[in-house]
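Before we start, here is the structure in question, set down as structure tokens.
All chains are identified by letter, namely A, B, C and D, in their written order; residue positions are counted from 1 within each chain.
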Amino acid sequence: MPERVGNRLRAQYGQGMTQAPILVVTTGGTIDKQYFDALSEYQIAESVIDKMLKTSRVAHPFRVIELLRKDSLELTDEDRALIAATIANAPERHVVITHGTDTMTETAAALAHIEGKTIVLCGALAPARFAESDAAFNLGMAFGCCQSASPGVWITMSGTVFDGLKVRKDREAGKFVAR
Amino acid sequence: MPERVGNRLRAQYGQGMTQAPILVVTTGGTIDKQYFDALSEYQIAESVIDKMLKTSRVAHPFRVIELLRKDSLELTDEDRALIAATIANAPERHVVITHGTDTMTETAAALAHIEGKTIVLCGALAPARFAESDAAFNLGMAFGCCQSASPGVWITMSGTVFDGLKVRKDREAGKFVAR
Amino acid sequence: MPERVGNRLRAQYGQGMTQAPILVVTTGGTIDKQYFDALSEYQIAESVIDKMLKTSRVAHPFRVIELLRKDSLELTDEDRALIAATIANAPERHVVITHGTDTMTETAAALAHIEGKTIVLCGALAPARFAESDAAFNLGMAFGCCQSASPGVWITMSGTVFDGLKVRKDREAGKFVAR
Amino acid sequence: MPERVGNRLRAQYGQGMTQAPILVVTTGGTIDKQYFDALSEYQIAESVIDKMLKTSRVAHPFRVIELLRKDSLELTDEDRALIAATIANAPERHVVITHGTDTMTETAAALAHIEGKTIVLCGALAPARFAESDAAFNLGMAFGCCQSASPGVWITMSGTVFDGLKVRKDREAGKFVAR
């Protein structure tokens, strides 16, 4: 690790940090959808990531950047450039991104040029606020993967760690499959 | 992979299987605790693993062996030998074990001699049947880790992927820490 | 109770029935909303009433009629006539209706002419499928009210048993208030 | 209502109060049981009533007295005298008591002499902290019943509003039945 990066990490997380910290970037998607009765519709709301990590009793050092609140179908090239720049400039080498599922693979491609970091995208098919959701499991997979896998871009959905560049969402079947 | 193992995997999971399957071994622990009103007490009950993997929309090939239903403080050397033999003899190379947290590290040590398999132990500090539990996240971490990490024994608790031989539970603090 | 009605109840619920049975009529509304990932939107789905009553360990005799699956803003005069006829013709004297919250009071007015029955409308501001929802509590209020209150039409929302003809929804405040 | 009582209510809830307020007395029981990992056992913990009433979006005026934290099998005659005195001396005429299920009927008998108040006991067979519990529904029933029923002592369990003096718990069947 370059000394400069080590200094930034110590400044962020403290001198005593012994575990490599994780950067969590939230961009919106189903995982964060809330129901608004006054509108009779669901919208992406304040991210549930902090609450999920607390419920999951995560003691690992991490920080959360709530970067975007968009359905992934609405993400633009500029949004993807912003995500890439945010990650490239951060001192953390382990990165989790929460993201809508429909264009997750496009964002994976936009991050493929970043070197030396293990980046994992995940999301959910049912909002995390539901009693029955895949959100906590998928987020856990991403935490496990970003600490274990080689540098590169990965997607953790449907119980599988996918190469982020060799996967697609099967919308009808409601799952991710290798391609 | 030896041809013999490949044949057993294909017999178990079908010819078309393209992803390396995961063996899930349940041994009891807090994660599976249920409340029994007629007894006014909690006991380890039917494992919730199947329900959790269904809720988490896992499409990855896996099978579950409900091997034991014990508090981990009650596990004997014979129990650990049984766990080790079950895993050593299984065709799967990726293994997740759900386990009580108090003696998780002892079981990790009892599995250290198994070669060529990525074995991940996880559990929960609050039962999976609770509305707020670390169970789904920890199980997700184990699924992510067992597909990403090198062969060996790992523990995924408190948000961290620990080397299974270099970790201890801090009972008072309610978390796992490296040692 | 007229002999004819008693015969119909015994035919429905068995000779040994000792508690006055409850008819539950579902009409849709937020309480039954599910998220459909393939559509990226929420829609009213199969009613959750049966699951809620099972989770709530209801041993009281009841039957459920899934009559409509509509947002209450879409309910027509014909729909309300159908609801009224269904209840008027049923043998049960205790009735719970699950209903969207926006026009609950209009349906209450359309049921005001039914005599000799205690009818309670309830719904939810957050879908029952959410981990945090008012659905189970509101449904419980309706079960408690329909067995305790005098014949008439009642609404159980926001923790209060309201006279169904003297209440309105305060959409901005997200609660029902007496008027 | 005696003028004196009206004054006490207005002092407690404000001049503008238009709905009869509800007193909630918590005494412990399964409904409030929490799991303590460091002890490997469940104990009655801080009451979940406030959180449940917030999740249920209760706007009705109420106040909560956390009076006892006991398994109902441990309740003494002195405890029951304390519960009775607390309710008799409170200005509210509508009272909900959360209580362990095993001796709920004994406490009901100890409250039978209180006149002019509608008192409803409820509890749960599964802790409220469980994802699947009867707690919210039963508490809702009690809120609905205490506003609708005649003065007296009632028990709302298993989906039924029972006369508190004519009911027993069938421990094996896991439900309350009329006697």
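The definition used in the following text is that contacts are C-beta pairs under 8 Å (C-beta built on N, C-alpha and C of every residue); 3 or more make two chains touch, one makes a residue touch a chain.
In UniProt terms the chains read A, B, C, D = L-asparaginase.
Everything quoted here is computed from the prediction, not taken from an experiment.
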Where chain B and chain D overlap in contact partners, by chain label: none
Option in A-B, C-D or A-C whose residue-number contact pairs overlap B-D by over half: A-C
Taking each chain's C-alpha mean as its centre, the one farthest from chain D: A
Distance from chain D to chain C - Cα centre to Cα centre, in angstrom: 24
For chain A paired with chain C, centre-to-centre distance based on mean C-alpha positions, whole Å: 41
For chain A paired with chain D, centre-to-centre distance based on mean C-alpha positions, whole Å: 44
Multi-partner residues of chain A (at least 2 other chains): 125, 131-132, 174
Category of the chain touch graph - line, ring, star, complete, other: ring
Residue numbers on chain C that touch chain A, as the complex places them: 30, 33, 35, 37-38, 40-42, 71, 73, 101-102, 125-127, 129-132, 171-172, 174
Residues of chain B touching chain A in the complex: 18-19, 22, 52-53, 55-60, 62, 120, 125, 131-134, 136-145, 147-149, 154, 156, 158-161, 174-178
